[in-house]
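One chain, subunit A, links the two complexes that follow: it is found with subunit B in the first and with subunit C in the second.
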Partner chain A sequence: MDELEKVILDYVRKEYLEEGDERELGVATPLITGGIVDSFSMVSLKRFLERKYVIRIPDAEATPAAFDSVRAIAELVEKLRGAPATA
Partner chain B sequence: MAYDQKAQEHYRRELDAIRSAGLFKEERIIHDPQAVEIDVEFPAGEPVRRVINLCANNYLGLSSHPKVVAAAHAGLDRRGYGMSSVRFICGTQDVHRELERKLSGFLGTEDTLLFPSCMDANAGVFEALFSEADVLIADRLVHASIVDGMRLSKAAQDTFKHSDMEHLEEKLAEHLDKRFRVVVTDGVFSMDGDLARLDEIVALAEKYDAMVFVDDSHATGFMGATGRGSHEQTGVVGRIDLITTTLGKALGGASGGCVSGRAELVEMCRQRARPYLFSNSVPPVIVSAALAVLDLIGGSTARRDKLEENTRYWRGLLAEAGFDVKPGASPIVPVMLYNARLAQDFARGLFARGIYVVGFFFPVVAKGQARIRTQLSAAHDKAHLDRAIEAFVSVGRELGVLGLDRRQLIERFGP
Partner chain C sequence: MNPTLTLPPAAVTSPWTAAERELGYHAGGPVNLGWLTSDRICALGRGAHPALIWEDSQGRQRRYTFDDLRRLSDAAAAFLARQQIGAGERVCLFLDRVPELYFAFLGILKLGAIVQPLFSAFGEDSLWTRLEDAGTAAVVTQRRHLGKVRRIRSRLPALRQVVVVDADGLALEPGEVALALEREPEAEGFPVYPATAETPSVLHYTSGTTGKPKGAQHVHGALVGQFQTARVALDLRPDDVYWCNADPGWVTGTSYGILGPWSNGVTQVVLDSGFNAARWYEVIARHRVTVWYSAPTAIRLLMREGSGLARAHDLGSLRHLASVGEPLNPEAVIWSRETFGRPFHDTYWQTETGCIVIANLPGLEIKPGSMGKPFPGVTATVLDPVRLEPIGERGRVGLIALRPDWPSMMRGYWGNRTAYESRFRNGWYLTGDRASIDGDGYFWFVGRDDDVINTGGHLVGPFEIESALLEHAAVAESAAVAKPDAVNMEVVKCFVVLKPGFVPSDDLELEIMNGLRRRLSPLAMPQEIEFTDSLPKTRSGKIVRRVLRAREFGEPLGDLSTLMEE
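Here is the complex of A and B:
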């Protein structure tokens, strides 16, 4: 797990897991399809990533599939960090 | 494009997928007025069965109350059937304004605006009042109509963990740069039956200069000492800026909803809320019956007291029998089973024994949180609940769930 994945994983744990939630959470754990994050509460994760990494995630890219695991989210962030500022 | 074979096949495949996922909803056909005992045909074509109803929102037992029905008849005679208009063209009668005034008095608010339903109130209120400069911060378990309404608004959105005041405070602090912060919550949560911590929410809202919005559909008429709602129960009457609620549950159960609260906010909804502007007035027959409901419950707490007593009695029966019951004080009493298939089998077993309940599972509730939601009514007698618990115990014994806690239920049946 790289640093980016670790930061995202820590945020997801803190933001979405309830106290006492014993579910294992790894970089490949399904977040949306696994019922950990829903599309309603996904907004805070998107905003966290945009602020932390100074990127803009277009709505077309902020899909449940793209946000379904920490690994997929990290890949999306990597892609957008490398993209021109207008992306 | 015509509705061609390609389109037909697409929708047939979608429907098949819903069926094979076990999510296909089938209506049960009721052959008499809404009540705590009803004649139900299910599945369609099967003989009608007499069952005890534990799944209606008929909290005060007023859906078919003779005085409410008589008021509806009288309203029909005096003010006619339909308005054939939206409110602001030629659809406002004296009874509409009278009901709005009475609802404001009952809820302890400055003004009220009727909507065709509370779904419509929630769909219209956020878009009418808030813009890009504002943020709506919602409890994660708010009703689906609030989620939809928030999405229709241009305001920024955020959520906090269910009833987690520490998390809410973090979010309020995070959004101090916004013009208006609005905390959005249900008063009583429809699936869990728990009460929002409105006293703490209001205190935080005052600390961070935020407004408070409460959907009190599952509380109006019975929560609080005189049934005003969750704000009365938590001691914050007059400190909630926006309340939405329904006439479709405790208050007669027909349809109709409202936005109630600060005068300017309600007036702005009258000017801007699209479901109010572009749909017909609540029919006079419903308005007239709702006025009678408010007269009935305004003069006596007997019905909400009986509902409270029934809730206490039912919770006691379930706990004594060894069911895993969500704690709370509202007449929504969820019996937790965690596994979706088990919840469906349990509901089916109960129906076969003359008890009408519904199993709820993902995506209506979170994954691994399947349950039977039972709902009490002031019209239930102890005899109904004694018969119901016999059936619950019988099915519970048959399926092997009695006395098991969450961990044991999940171990035996899966999440």
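Here is the complex of A and C:
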């Protein structure tokens, strides 16, 4: 697990995993299909990522599939960090 | 027991009598929803027929027959009786879509208690408000959500028992008890409570513009409406495999995710998992789903994934598609026709109405974007907003109103007679929605007539959000309004005035968003916060949300003469 994945994983664990939810959370754990993050909560996760990494995640790329695991999110962030900024 | 039912006088002469006959009702006798949806199907010789095909996000699958349903709901009823839960008491189901939810739902009804299903994503404040209002005696939950119940329990004096359905290895606290239904002793011959048609059955909470959420109280006789509309509007037939996407924390998930299909003896699929388009299509293909009841928000999410994904699966089993929760946009109707070879049929109803009241019935020509026509046996119109009399002129927008004489109509708001009576004028039930009727009698939805926010098919009350916002140390004033959204139709947007000494920042916005999500629910979390120096107010100091909402929708601001000068 790299640093990016670790930051995202820690944030998801802190913000979205309910106290008492004893499920093991790893970089491949399904977040959306697993009911840990829903499509509404995705917005605050997206907002966190955009601020933390100074990127803009286009709505078309902020899909449930793209946010379904920490690894998938990290890949998306990595891709957008390398992309030229768009309006 | 014999399936019998006494209906209110107005309904006796209505077309609903066909459903009564079908269900074998005899006026004056007892009737029980739990019995009608399980034991009765077994008595009809279909005990071995699949009732529930359940899957979760990890792909685990379980299957239950109607005989299992009968047996396990009896066991749930017997268990609750041993916990000294009695008829008329409120028992909350605070569970994900696990099989125990469905058995406990029917068991509570067999016991004569009142089921209070609540969305398991509710945060502590939302949960407390609803449990406190209902004076709930017991909560059935799972370890994943137990923490929320524990943290508010000391403020719920009426709550005597917390039942945990997956407590193996868990250290329970006083007042908590484990329920492992599969290991419960057989309760053959459990004495089903002799409810009548007017006996309270299900309590669903819904939000309004002002005050706390209100509990719409339904009765056992409501089944006549749910049975008939499931059969006619959803076109359910005995050998169908039916999938309703709704969570039983909301009324669609009980009226058409439990009662409607099972009273018709229909097999239903339940997927206890978050949204994933590919997984949804796999479920339809693998279980050969024939009837699918979904929501416009979900359909729009599927549209975003494209038709190709749908075409990669064998969806040829689908025979009828229907939708509920918010207006179905014409593009979605056209897309589903192109993608699935058949259109989604929009249906309209509310927590209060208990069953579908306006619909695009099978066989009726669909006008994409229209709500359809009143269900047979339901009298619907639009009223002039001032005179509150039906509008004769076609195409003119008014308030959707219904004659409250169908069996599934709520019988009251829990402990709030004033709010209940405020919903009726001149013999009409006022839905709070606006529409017009065209020359062919089709209804066309326009929007809410109040400040309630319809997000993803769920109503969210601004008062609850604003009350929670004011508890944040930085917030002086706030207003929560609807903002248009391409997927969810509307989302919550909050305008916030900060207290002196606080300055707007991205971090503060995110902190407020996450705080509301945890305390209330993800639905109530604003998708956007706008920090502002002041809010529009009347001269008496009341915040005028309609002005903020109109700005978001790009609509005329209306009469501003009563607003306070800035």
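The criterion applied here is as follows: the second predicted complex is superposed on the first by the 86 of 87 C-alpha atoms of A that agree within 3 Å, B and C clash if a C-alpha of one lies under 4 Å from a C-alpha of the other, contacts with A are read in each partner's own complex, and residues count from 1 in each chain.
Keep this in mind: a residue touches a chain if its C-beta (ideal position, glycine included) is under 8 Å from a C-beta of that chain, and two chains touch if they have at least 3 such contacts.
Nothing here was measured: the structure is a model prediction, and the numbers come from that model.
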Superposition on subunit A - do subunit B and subunit C clash or fit: clash
Touched partner set for A:2, first subunit B, second subunit C, both or neither: neither
Partner chain(s) touched by A:30 [first = subunit B, second = subunit C, both, neither]: second
Subunit B or subunit C, by number of subunit A residues touched: C
Which of subunit B and subunit C A:20 touches, first, second, both or neither: second
Contacts of A:10 with subunit B and subunit C, given as first, second, both or neither: neither
First (subunit B), second (subunit C), both or neither touched by A:64: second
Stretch of subunit C, among 187-195, 295-303 or 367-375, that runs into subunit B once the two complexes are superposed: 187-195
Contacts on subunit A seen with subunit B and repeated with subunit C across the two complexes: 18, 34-35, 38, 40-41, 43-44, 47
Subunit B to subunit A touching residues, read off their complex: 138, 140, 147, 157-159, 161-162, 164, 171, 362, 366-368
In the complex, subunit A residues that touch subunit B: 16, 18, 34-35, 38, 40-41, 43-44, 47
Subunit A-facing residues of subunit C, complex: 57-58, 96, 121, 143-148, 272-279, 301, 304-305, 455-456, 486-488, 491, 506-507, 509-510, 513-514, 517, 522-523, 525, 527
Touching residues (chain side subunit A, partner subunit C) in the complex: 15, 18-23, 30-35, 37-41, 43-44, 47-48, 51, 59-60, 63-65, 68
